[in-house]
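You will see two complexes here that share chain A, one where it goes with chain B and one where it goes with chain C.
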Partner chain A sequence: MIQVIADSLALGSVYVLFSLGLSLSWSVLGLLNLAHGAQFMLGAYFAFLVGEHFHVSLLIVLPLVVVAVALTSVIADLLVYRRLRIRAGTPAESELAMLVASIGLAAVAETIVQNATSGNSEFIPSSVYGVRTLSTGGSVLHITNIQVLMTIVTIALTIAFAAVVKWTRFGRAMRAAAVDPATCELLGVNANRLFSVTMAISGGMAGLAGVLLGIYLSNVSFQMGDPLITKAFAVIVIGGVGSIAGAAIGGYVLALAETLVVIYGPASYQDAISFALIIIVLLVRPTGLFAQRRWQRSLWDTSRRTRSCSSRRLCT
Partner chain B sequence: MGYFTQNEVLFQQTLVYMILAISIQVVLRSGVVSLASIGFYTLGAYAGAILSKDGWPSLAILVLVTLVSGLVGYAFGRPLARLRGLYLAMATLAFDLVIPILLSNGGSFTGGSLGLYGIPVSISTGALVLIVVVVIYVVSQIERGWMGRVSLALRSDEDLARSMGIRVSRERYLSFAISAALGGLAGSLNGMLFRAVSPSGIGFGLITLVLAMAIIGGRDSWLGAIIGAYLVTWLPQWLGFIGLYQNLFFGLILVAVMLFFPDGLLGAARLGVSSLRRRQIAGREQIPTGRQMAT
Partner chain C sequence: MTGDSIRPVRRSQYKRAVSAAAILAAGSMAVAACSSSSPASSGSTSGASSTGSANVASSTTLPSTITVTSIQDLTGAVGPVGISTQDGMNLAVKAINSSHMLGNTQIQITYKDTQTTQSQAVAEASAAASTNVDAIFGPVLSTEAVAVAPIVESAKIPTIFTQAGGPGVVTPGGYVFRVTAPQSDYQPNLVKYLAAHNVKTVTMLYDSTVPTTAGIAQTTLPPLFKSAGISIKGSYGWAEGTSDFSSYATKVASENPDAVGVEGITTEPSPVIIALRNAGYKGLIFGGTSFQAFTLQAAGQQAKGVIWATDFDQNSTSPTTAAFVKAYEAAYKGAPLDYAAEGYDAVYLLAYGLKDTTGTFSRAALQAGLAKAAKAGFTGALGHNVFVNQDLVEPGYIQTYTGSAVETISGS
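And now, the complex of A and B:
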């Protein structure tokens, strides 16, 4: 049982980091970033490349990769998303344009890596980043140091991020921009810069999740991000868009459910859990299990103004 | 004729993709991002394959799959129509991606992860052309008629449309149903034409491809979807050198179209024609052009 908990903590940490990033760009920019999975994969691939050519410690590689992937996000925002946002007449139009563009960008990144790896999955030997089994509990328990690292980093980052969003000026500006960027500009917030920074944070989280999972599973392939997208959907649907606590709880719950299915149930249905969750929650309780307001996702109530504001907000 | 027989499979693929692209374009046109018809395409392909293995007549399969997909789409449309914007995109994407998982767990009925092989080819290219023509006719009539104008109204201002007495939710269900029916039809044709169906081809790759078709041509009209499907299917053929980089190419095209021609090639062409006409009139009658009038 402790083994189950340890494994789901590690897996759940990846889900939490990944979903937080996806949920962040959605709630602040209105961007359902389908390139998020590709960025996750880029993170893992960068770690593989560095590990293949240099011998460096994980503590140096982690920040390096995070910055590199965050940069891809900023570039995408400057070259593509910002222009689409500015040109679009209504929020709905900009959402559609950015969604389609993100699918295109995902295809670009995945094809590059696919050709670089000849479509194979690459192997990161556990010796490269010093992954080893911790000697606890004898032969029954199998916990590696990377699992411990994943869990600690994720929990610390989530708490830190929640604190930033809740208590700092930057966090306040971010929450305000999620509701109404135009008014934010009037109040002296540079919304475009804020959006780029948000994209950087979101991309950095995807990259971090990618490195950690890549090293944990010692395996990198160009399609590894695709299943993560749908898992993050499930996490976001459970927790509610823009909710940090919701993403954290959702990520660990999903990981626990999946681990239990692999052990006790038909393992091939592992990936179906998240889809089932998405469909059931959206049909039965479209506001998410932890959402406070009923109208957040529903079409029916109130005027367009409240709708467009309320549907994208960030809370801790 | 030699050219045709040489490329017959590609022609068939183009025709099937035309229906699939129209199925997405129908909902995109009303400003709704629903990708559900790709899921119906997958289900339809399996249904077509299984039924034609059982020896059903092809016309019966087509009618049955199209009707059932439409009905299921209508039923799905009820709860889905409540979801707005990105939630709908997410839910339908999840629907598209869960189906291959269910199919690969389906045992001998669906052939597991290998899919089904040795399906008898039960439809000719001529019949396929006929079906596409019928679909285009129906869709173009819908587009020209009341429902087409309603869906444009829904896209530009839903509240206004509602205040004009348009039953927004009913229009939503209907467009979901049409989209699902067309997706199912395209799928069943796919199942009956290409001898094999497998769950591996369904994923983000297919979704990218179909969205590219619906958007490159222009999502305002069925003609855009036709042009898009044609281009996307034939470009790899014309540009042999892009080879493995095909998806990168489509990705870049998608981004470029969103950036520079949000209404697709058709929209760009219309813009070009209207500005040309304006210039001609301006040259003849010395009246100010539209841009000057606007300032």
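And now, the complex of A and C:
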């Protein structure tokens, strides 16, 4: 059972990181970013490229890749999403246009990597980033150092992200924009900058999940991000759109459920678990297990704006 | 400007934006799909030749160009398999055309990409069936082949498949031929090898969404194991798109069988092998045709000692096999996979079928010619090719991975 928990923690960590990013862009920006899987794949691919040519430490590769993928998100925002938002007449039109554009951007990214790799999977040798098995307790538990790192990084990042959202000015701006973006703009929030920074964070999380999973599996393929979109939907539905705790718990719950199905049940039903959980949660609690009421999500008020806008970073 | 006047302007701007985004998305998908028509060049590069029983001129007047549509999985999950097959086919076309094996007749292949989707394979087959193409080379994936086979049979177009090992593809007496022996042909030798090396228990891991791999794991191997006195501890199928096999590996490691069979496609084996070794499993791992040097290199030393059965031995000293390997390495700067050898021999089967065509040239005449050529057999890249009911039969070879290269440890 302890091995099951260890496996679930590693897998769940990937789900959490991936889903947090997707949930962030969806709840704050209204963008269902279907290019998120491609960004995840780019993170893994960048890790492969760096390991192939430079042989640097994992501690250097992680932030490098996160920044690189975050930059791709910002570029996508500047070149595509922002222009669509400007031209759209209503928020609904904007969301639709950006959704369609995200599909195209995903196809472009995957095609570039597919051509670069000739459609083959690329190998990240375990020696490049020092991946090794940490067998403990005799033969009771087999876990690699990368699995431990995945779990620690995810938990730490989730806590840090929750703190940013709850206690920082930027976090309040994000929460306010999630509730009423139009009013936020009127109150001085620079919407374009908020969008770009949020996209960067979202993309960075996807990239981080990608590099960790790519190193864990020692394998990178141009299609590796596609199956995770479905998992992310399950996690977000379980946890509730915009809920950080929900995404974290949902990710680990989904991973544990899938692992238990493989260990104790018909293994081929592993993916069906994702859909079954979505349906059950939608029937029981459509907003998700940890969704908050709309009026609780915004702590942005005039008095706070007056106090916090002194540096005028997010204010016009 | 009033609010009302802003809306119509912005609505048309919105329409342009959505149209532009949709065009961008569609264009991107078209770029992703773009690897379709690319006629094989009929250059004069000399290549390996094959020998066969039909070394006589055709008794019918062949067209100056034999047009063939090759429906291959050139992109997508099995893209590497399709590309390797294409490479073998192109090499054969060059050899046949440059040596004037068919006199003044040249073979010209036009490639269509299925993108590893059944619907696209069906669409391409239907499109080819509505043209005057003389023959078709079918896709490698079983799920596509079983959908394409009825179309080409109905349209009476001579069609040659490689790989596509699922049931229901080849109908004896029909228009479909297959130049890949079903894995059930050479699995018995693999099971014998396992039994000879004291394997008493096995666990199977397989891709449950592919008929070939599921069929081998669920239908072909179990009775062979039973006959050899090997018991199956467990049999677990994974779904398409699975990338993390740690939970499967944990389960297998807890069972600790003497050997684990891994039946997957293209690059699936390595992540499974890595997961098994990371979970502490130290026993023998065996597999099928997805075990190749390029699919196992990701696992590196963790794949050392894995074994598999295959229909192609690139280390064979057979003159035709050696000549094929030499020509392939010269043309593509790398060792050929079995998919390339099968593609090569598929084109040569077509050539021998053309030579055996009699009467007025037609698809029906070509089908009869192919049946005659298959019945006679020929020696090609795969070795001596023997067909039964238009399907290649092959006892196969057992190969192993040294951690960096492939070695043949048992052969026919």
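As a working rule, the second predicted complex is superposed on the first by the 285 of 316 C-alpha atoms of A that agree within 3 Å, B and C clash if a C-alpha of one lies under 4 Å from a C-alpha of the other, contacts with A are read in each partner's own complex, and residues count from 1 in each chain.
We adopt the following convention: contacts are C-beta pairs under 8 Å (C-beta built on N, C-alpha and C of every residue); 3 or more make two chains touch, one makes a residue touch a chain.
All of these numbers come straight from a predicted model, not from anything done at the bench.
Q: Chain A superposed: clash or fit between chain B and chain C?
A: Chain B and chain C clash in the superposed model.
Q: Where does A:S268 make contact in the superposed view: on chain B (first), on chain C (second), on both, or on neither?
A: both
Q: Just chain B (first), just chain C (second), both, or neither: which does A:F233 touch?
A: After superposing on A, A:F233 lies in contact with chain B but is clear of chain C.
Q: So in the superposed three-chain picture, is A:P125 touching just chain B, just chain C, both, or none of them (first/second/both/neither)?
A: Second partner only, chain C.
Q: Output check: A:I279 vs chain B and chain C. Expected answer is one of first, second, both, neither. What do you get?
A: It touches chain B, and chain C stays clear.
Q: In the overlay, answer first, second, both or neither for which of chain B and chain C A:T111 touches.
A: It touches chain B and chain C both.
Q: Applying the touch criterion given at the start, work out whether A:A101 contacts chain B, chain C, both or neither, answering first, second, both or neither.
A: Both chain B and chain C are touched by A:A101.
Q: For A:V67, decide between first (touching chain B), second (touching chain C), both and neither.
A: neither
Q: Return first, second, both or neither, reflecting whether A:L84 touches chain B, chain C, both chains, or no partner chain.
A: The answer is both, since A:L84 touches chain B and chain C.
Q: Between chain B (first) and chain C (second), which, if any, makes contact with A:L32: first, second, both or neither?
A: Touch partner of A:L32: chain B, not chain C.
Q: If the two structures are placed on top of each other, which part of chain B overlaps chain C: 109-117, 127-135 or 271-279?
A: So the stretch of chain B that bumps into chain C is 109-117.
Q: Does any part of chain A touch chain B in one structure and chain C in the other, and if so which residues?
A: In the superposed arrangement, which is not itself an observed complex, chain A uses residues 80, 83-84, 87, 93, 96-97, 100-101, 103-105, 107-108, 110-111, 114, 226, 268, 271 for both chain B and chain C.
Q: Under the definition above, what is the set of chain A residues touching chain B in their complex?
A: 26, 30, 32, 34, 80, 83-84, 87, 91-93, 95-97, 99-101, 103-108, 110-112, 114-115, 226, 229-230, 233-234, 236-237, 266, 268-269, 271-272, 274-276, 278-279, 282-283, 286, 297-300, 303-304, 307, 311
Q: Write out the stretch or stretches of chain B touching chain A in their complex.
A: Going by the criterion above, the answer is residues 28, 31, 33, 79, 81-87, 89-91, 93-95, 97-98, 101-102, 104-105, 158-159, 203-205, 207-208, 211-212, 215, 244-248, 250-255, 258-259, 262.
Q: Which residues, counting only chain C, touch chain A once they are in their complex?
A: Per the touch definition, chain C meets chain A at residues 7, 10-11, 13-14, 16-18, 21-22, 24-29, 31-32, 75-77, 79-80, 83, 208, 236-239, 241-244, 246-248, 250-251, 253-254, 266-267, 270-271, 274, 278-280, 294-295, 297-300.
Q: Residues of chain A touching chain C in their complex?
A: Per the touch definition, chain A meets chain C at residues 3-4, 7-8, 10-11, 14, 80, 83-84, 87-90, 93, 96-98, 100-101, 103-105, 107-108, 110-111, 114, 118-123, 125-126, 133, 135, 139, 142, 144, 213, 216-219, 221, 223-224, 226-227, 258-259, 262-263, 267-268, 270-271.
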